[in-house]
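Just passing along the structure, written as C-alpha cells.
Should a chain be cited, it is by its letter among A, B, C, D and E, assigned in written order, with residues numbered from 1 in that chain.
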Amino acid sequence: GGSSSDTNTTTGASADTSTSAGSDTTATPVGQIRLGAPPEFRNRPTGLPGLRAKYGITDVQFSPLTIGLQYQALDDGKIDVADVFTTDGQLQSGKYVVLTDPRNVFGFQNLTPVVSTRVLDAEGPQFETTINDVSSKLTTEAMQRMNAAVVLDKQQPADVARAFLDANGLLRAGTAGAGKPEITLGTKNFPEQFILGQLYAQALEAQGYRVTLKQNIGSTEIADRALRAGQIDMYPEYIGIFNSTVAGDTRTFATKKEAYDAGKAFAERHGFTLLDLTPFTDTDALAVTRAYAAQHGLRSVGDLASASGQ
Amino acid sequence: MTSANSAQTEGPSPYPSAASLEFQHVGKRYPGAVRAAIEDLSFEVPAGEICVLVGPSGCGKTTAMRLVNRMIDLTAGDILLDGVSVTRRKPAELRREIGYVIQQIGLFPHQTIAQNIATVPKLLGWDKQRTTARVQELLTLVSLDAEMGERYPGELSGGQRQRVGVARALAADPPLMLMDEPFGAIDPINRARLQDELLRLQAEIRKTIVFVTHDIDEAIKMGDRIAIMREGGHLAQYATPDVLLADPADEFVARFVGADRGLKRLTLSAIKDIQLLDGLTARVGEPAAEARERAARHGSDELVLIDGGEQPIGRLPVARLDGKPVAVEDAEPLAATARRQTSLHDALSLVVADGNRPLVVVDDDGRLAGLVDLKLISDALQTRR
Amino acid sequence: MNDFIDAFKFIGDNASLLWHLTLDHLALAGAAMGISLLIAIPLGVWLGHLHRGSFAAINISNIGRALPSLALISIGVALLGIGFVNVMVALIVLAVPPMLTNAYVAIDGVDRDAVEAARGMGMRGSEVLWRVELPLALPLIFAGIRTAVVYVIATATLGSVAGANTLGNVIVDQATYRLPGVIGAAICVAALALVFELLFAGLQRLVTPRGLRSRRRAPAEVGPAVVGTAAAESM
Amino acid sequence: MASGPVIPDFGRGSSCVRDNGLFCWGWVKQNWSDTLQPALLQHILLTAVAVVIGTAIAFTLALAAHRRGWIATPVVLVTGLLYTIPSLALFQLLVPLTGLTRTTAEIALVSYTLLILFRNMLAGLSGVPGEVKDAARGMGMTERQLLWKVELPLALPAVVAGLRIATVTVISLATVAVFVVDEGLGAPIYSALQQTFKTEMIAAGALCVALALLADFLLVLLQRALSPWMRVARA
Amino acid sequence: MTSANSAQTEGPSPYPSAASLEFQHVGKRYPGAVRAAIEDLSFEVPAGEICVLVGPSGCGKTTAMRLVNRMIDLTAGDILLDGVSVTRRKPAELRREIGYVIQQIGLFPHQTIAQNIATVPKLLGWDKQRTTARVQELLTLVSLDAEMGERYPGELSGGQRQRVGVARALAADPPLMLMDEPFGAIDPINRARLQDELLRLQAEIRKTIVFVTHDIDEAIKMGDRIAIMREGGHLAQYATPDVLLADPADEFVARFVGADRGLKRLTLSAIKDIQLLDGLTARVGEPAAEARERAARHGSDELVLIDGGEQPIGRLPVARLDGKPVAVEDAEPLAATARRQTSLHDALSLVVADGNRPLVVVDDDGRLAGLVDLKLISDALQTRR
C-alpha cells in the first residue's frame, strides 16, 4: 500500500539517525508523557482512546492545542509529544521525528477530490483524467515539501503549485476544456488546501477549463454544504474525514481501499463522485523532537509506550 | 407727583411698538395638581409700562408669565395682547413676538453672542445684513462692545450674559417683554447696576414689560405698577409703587412691603420733585442786622452763608451774628450737601444724620439751589396720596 | 434553525467537557482580573486623588480599546510563546485601561465642595480619600470593574487560539466539534458573560451609598470626560 | 511507482523568515501589496460599513427615546445584551441564520456599536440644559427647530465621543470576524497564528492598532472642529 | 450706647471656648500670580465677636479666611489664634479646632445628616454616645427636628442644608468659626431668616466668628466689627458698624456703605435704646385746663389720650381742648404705634409717614410706654460717635 510506504519514507529519514542515536546512548525511560494535540484528541477513537486500546498508553498529561501550535509547543518544551499531520511542512525542517504507527491507530487520510457527479459528466472524461494525473503525483514527500515552501518559506501557494506542475509536465497546454461549463473549486481553510486548490485549478486551466477558485471556505461541513448547495462543484477532501464527518461512518478500516470504497459508495448515493486517492496521506501522527527521540530511543509509538513503562 | 423712574413713560420713543396686556379671570391648574396654581387672576398692563409681579415663592408668578407666551396653556379665562386673545395665535409665532428672559438666561453655548442675539430674526427670516445691523445695534444698546459678538457665552461674566439675554429677547423688537427674575442669580452690587441699566434702556425702548421678582425692593425700583401676588395666584394688590407703600390694601401687603415703607416711599422721589426753601441765605460782608432780620422773617435760627459765586460756604447760626458784617469765619462747615437728583430717602438720611438741620442742596454747577428740611420731606409723603 | 437544537443537544452530551472548559475559562479570566485590579484601581485612585495625569488616565482606555484582542494575543504568542501566561498578559493589557480610567474619573470627579469641606474639617489626605472620595466614587469605580470583567470573560474565548484552555477551544475547532458544537459553546460563553454582567450589576447597586441612589448618574456627559466615562461603562 | 513526482526547488524564504524571527521587514515589504494592504482595506471597509449603519440605527433609536422616554430602557437592555455577548460567540450564533457571509460579520459588528452610540447620543440630547431648551421654545422655535438648531449641536460632542469609542471597538472586533469571513486584518493574523509565524502576527496586529489609533485621532479632530465652543468653555 | 445685636456679647455663655484672632502684617501671593492677593493685612478680632469681612469681588476675603485654618499658607506675616501662631500647628489638627462653612456647604451626599454633623467628633475619636448626644444637641440648636438626622442631604431644602452646614462646623465646639458667604446662594427672604437664626444662635454659643460677605447690609446686620477690604486685601476701614456708618474713613468706604448710611445706622438701635418722652398724656375725663397746661409745659401742641388701662386711644390736639373735660371723641385715631424693640429706622419711617408727629410707643401689654419724636431719633445718631 502506498500509504504504508509513505510512512516508511518519512520515518526512514528518522530511523537511521535514531539507530545511530540508539547505538551510543542507552534509552532512558520516559516519565509521564506530556502530549499536545487538538482538544478532541482526548476522546476521539483516532486519539487517546486509540492509543490506549492499541498501545496501552494511559499515563498521559494531555494539553489541548489548536492546530498549528504543536510545533511551537514542542520547541518551547511545553510538551514532549505532539499530534501532527504527516504532511506538515514543519517535518521537513528535520527537527522532529515522526513515530511510526504500525497498529494503525490514525487510519487513512489520503486525499480525494470530491466532485458533483452532474458537473463531472458535464465536463467530460478529460476533466477527470487531468485531476487524477495531478493527484497521482502527490506523494507525502511532495506534499510535505510544498507545505514547507508555503508554511516555512512563505512562498505563495500559487507559485509553489505552478512550479510543481511545471516540473511534472502537468502544465502542457491542451484544449479539452474549451467550451466546457465553468466550474467552481473550493478549498478548506488551511495551507495544504490552498496548495491543492492551486494545483488542480492551474492544471485544469492549462487544459482550457474555466475555473473559479473559492479558497478558505471553511470546515468540512461548510465545504460539504456548499457542494450540496451547488455553491461549489468540487473540493479536495481526506478520505478518513469524508467517511467520518460527511458520511457519518466512524468504523476504522483495515486498508486504505476499504475506506475509499466505503466513501465512494456513499458519494454515489448522494450525487457526487470521489476521484482517485492521492499517494500521500495526511493522517495524524505522533512527533517528538529529534533530541527527545535520541534520548529515549524512540522510533514507533510502541517504543514510546514501552519507554514510558506501559 | 411723578416717580423717580417715570422717565420710562416720557419723551418720544424710537420704537413704535408696545402692546397692552390684559389678564381676564385667568386660571391655571397643572395636570395632576390638587389645587390650581392660579385661580382667578385679572389685571391690565398699559402699553409701555413695567409691571412687576412680586410675591412669595410658589405663588404663581412664573406660571402667570408663562401663560402669556403660551409656554403653558391656561385652563380658564383669557389673556389679551393688544386686545387679541393669545389663544388665537400659534404658540411659536406668538413667542417670536414676545421677548422672554428667564432667570438662568439660557444662552446657547454653541453659538456666538451675535448668533445668540440673531436667533429670532433668523427664525423670522430677516435677511443677512438687516440681522447683523440689528445685532450691532443691540450690542451697543446693552453696552457691550461689538468685539463681544464673536465670543461664546462661556467667555462672558454673569453680568454680561444677563445683558446678552436681554438683547436677545429684544432682537425682533417685540412689543412685549417677559422677564422672570432676570437678576435673581446676581450679587447685590452687579444686580443694582443691571437694574439701573434696564431702566435706562426702557427709557429708550419703552416696551411693555412684565417683570417677575420676589424681592420687594427690586419691585419698587423697577415697577410702574406692582402686582403683589399670594398663594394660588391671588392678586393681593395691584397699584403703583407709591400707592402700594402709601396705603397697603391689607396686612399681607403691609408685611410684605415692610415696616419701613414710609422710608421706601421716599426712594421713589427726588429733591427735584419738591419745592425747596429759599431766601435763607446770607452773603459774606452784608450787615448782620439784615441777615438776622431775614432769619427772623423765616422763623429760622440759622442761615446758609454763600460767597459771591453763590457757592455755599457754611451754616451761619443767628446767634453768631453780632454787630459786625457777616464774615466767613462766622460760618460752621457743612456736614454734607445734596443735589437735585438725590432721592428724598437719601436726603432724609443726611438731614437726620445732621441733627435735623435743613440740608443744603446745590445745582450741578455748585451754586446754592435751596434747602430741604424734615417738614418738606414728610410733607412730600403726605401730598402723594 | 435546527442547528440550535443540535447545539443544545451538544451541550447536553458534552456537559462535562464544557464544564471543565468553563472552569479553565474562569480561572484564566480570574487570574487576569485579579492582577489587573491590583494594577488599575490603586493607580487610578491615586492619580484621581492628586488630580494628575488626567489626559493619560482618560485616554488610556481608548487606546486600550484600540488594541484588538486577537492581535494582542497573537503578538503575545510571538513574544511570550503560547499558553496561559501569554493570554493572561494580553487580558491584563485589555482589562487595566477601562478600570484605570473609571477609577480616575470617579475619584477626580468627586464633588470638589465635599472634598474642600472635608479638608476644612481637618481630614488628612488619606482620611479624605477613605471617608469621602472613595465612598462617593465607588459606584463609578465599580462600573469600570464590571466593564472589565465582562470584557475579559468575552476575550478569554480567543485565548484558545493561543493554546489556553477556554470555551473558545470548541468554538475555534469546528473541524472537530462541528457546527452544533461551535454554536453550543458560543451559547455557553454568551450565557457566562451575561451571568457575570448581571452579577456585577447587582454588586454595583449594592456598593452605591444610599444617599447617592436617588440621584441617578448620567451615563455620559458632554466634554472630555465623555471618552472616559463612556469608555468606562462600555465594553 | 515508476513515475514518482519530480520535486522542484520551490525557493526558500529569507533566513529570518525560515527560523521565524520576531519581525522580518523583507517579508512585510514582499507581502504588503498582495496580503497586508488588501486585508487593511477590507478591514477599513468592514469597519466603515458597520459604524455607518450602527450610527444610523442608533440615531433613529436615540431620537425616538428622546421623544418618548420609555423607549430608552428596552433599547439599552437589548443593545446591552448584544454588547455583552462575546464577539467570537455572537459571530458563530449568527452563522446558522446568515451563513458564513460578510452580512454575518457586519450584523455582529453593528450590534456592538449600538449600545455605545445610543447611550452617548441620548446622554448628549438629554444633557442639553433645561433652561436652554426653555429659552429656545420661549423664542418661538418649533420642536423640530429646537432639535436641529439647539439639541443636536449641543449633543454633538457626546455623539462624536461615542463614535470614537464605537469605531475603535469595531476596528478591534473586526479582527474576530475572520472566524466567519476570510476578510480584514483578522485573516493574516489568524493564518499567522495557525503557522505561528511571528512576523505576520506582529505586522498585521500592529496595522490594526495603528488603524484604530489613527481613526480615534481623526475623530478627535472632528470633535474639536464640530464644537468650537467647548474649548473656550474649558479654557 | 449698645447695638441691636449686642446680645452677642452679653450674659453667660453655655460654651466656654472662644478664641481671639489676630492678623499680623499678613501677606499672601499665590504661586505664579503677578501681584499679591493680600499685601499687608493686620487686624484683631476679640474673642466671642463676629467679624465680617466685606469688599468687592476679588479683594481677598476668601483668601484671608483660608489663611486662618491653613487651607492655604501665608507668604508673609503671621496669624495668631489665642496668641499662638497658626503656623506652629499641624494643619489637620488646627482645622479640627476651627469650624469652617463654605459657600457651597459641601455636605457629604453619601452620609446622613447625623453622620455629616458627627464628622469632626469622629475624627477626634469621641465615643459613640457623646457624639450622638452632641448631634442631637446641634440639631435642636439649628432648629431641625431629630428625625432629620436620618435623612440624606439630597432630601433637604437649600435652607435646611445651610443649617446643617453650620451645625457640622459647630460640632466639636470650636473656639473659632469661619463662614465664607454662608448665605450667598439663598434668596432674600430665606436669607434674612437664616441671618436672624445665626444671630440668635451666636447669642447662645458666643463663638469668635469670621464671616465673609460682599453685601454691606448683611455685614451691618451680622457684624460686631466690620473689615472693609479693597483690591489686594487692603483694609479700607476696620470698625464697629456704627462707627463705620457714622464716619467712613474715606470716599471708598463712604460709597461702599451707601449715601443713606445715616438711616442704615438707625437699623443698629431700637427704641428701647433711647430715652422716651413721657408726661405728654391726657386721661379721659380730666379737666381740659390741666391737660392744656401740661402740654404747654412740654411745649407741645398735642397730647396722647389714654384710657384707665393706660392704653393709648388717640392723639389729642391742644386746639380741641375747649372748656369741657377731656373726652374720647376729642382724639384723632393713631396712624401707627411702635414697640420698644422696633428699630429706630422703622420708628423714623413711621414718624415721617405720619407728618413728623411724635410716635406712640407701647409696651408688650399695650400700655403707653412713651413717645418718640424726630429729635430723639436724630439725637441718638449724634450721641453715638
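Assorted remarks:
The working rule: contacts are C-beta pairs under 8 Å (C-beta built on N, C-alpha and C of every residue); 3 or more make two chains touch, one makes a residue touch a chain.
Since we're looking at a predicted model, the values are computed, not measured.
The minimum number of touch steps separating subunit A from subunit B is 2.
In this view the innermost chain, defined by its CA centroid being closest to the centroid of all protein CA atoms, is C. The greatest centre-to-centre distance from subunit B, using averaged C-alpha positions, is reached by A. Using the average of C-alpha coordinates as each chain's centre, A ends up farthest from subunit E. Computed from the mean C-alpha positions, the centre of subunit A lies at a distance of 42 Å from the centre of subunit C. Between the CA-based centres of subunit B and subunit D the separation comes to 61 Å, rounded to the whole angstrom. One inter-chain figure worth recording: subunit C and subunit D are separated by 19 Å, centre to centre, where each centre is the mean of the chain's CA atoms.
For the pair subunit A and subunit E, the distance between C-alpha centroids works out to 99 Å. Listed for subunit D are residues 154, 193, 196, each touching two or more other chains. Of all residues in subunit A, those that touch two or more other chains are 66-67, 69, 72, 218, 222. Contact of a single residue of subunit C with at least two other chains is seen at positions 77, 82, 161-162, 172, 179. All chain pairs that count as touching, in label order, are A-C, A-D, B-D, B-E, C-D, C-E.
Taken together, the subunit D residues at the contact with subunit C in this complex read 22, 80-81, 83-90, 92-93, 95-96, 115-116, 119-120, 122-124, 126-127, 154-155, 157-158, 161-162, 164-165, 168-169, 171-176, 178-179, 185-186, 189-190, 192-193, 196, 198, 201-202, 204-206, 208-209, 212-213, 216, 230, 234. Interface residues of subunit C, counted against subunit D in their complex, comprise 1, 3-4, 62-63, 65-72, 74-75, 77-79, 82, 150, 153-155, 157-158, 161-162, 168, 171-172, 179, 182-183, 185-187, 189-190, 193-194, 197, 218-224, 226-227, 230-231, 233-235.
Interface residues of subunit D, counted against subunit B in their complex, comprise 129, 131-142, 145, 150, 153-154, 156, 227-229, 232-233.
Across the complex, subunit C is touched by residues 38-40, 43-44, 63-67, 69, 72-73, 76, 78, 218-222, 245 of subunit A.
Those residues of subunit B lying in contact with subunit D across their complex are 69, 71, 91-97, 100, 102-111, 119-120, 123, 151-155, 165, 168-169, 178.
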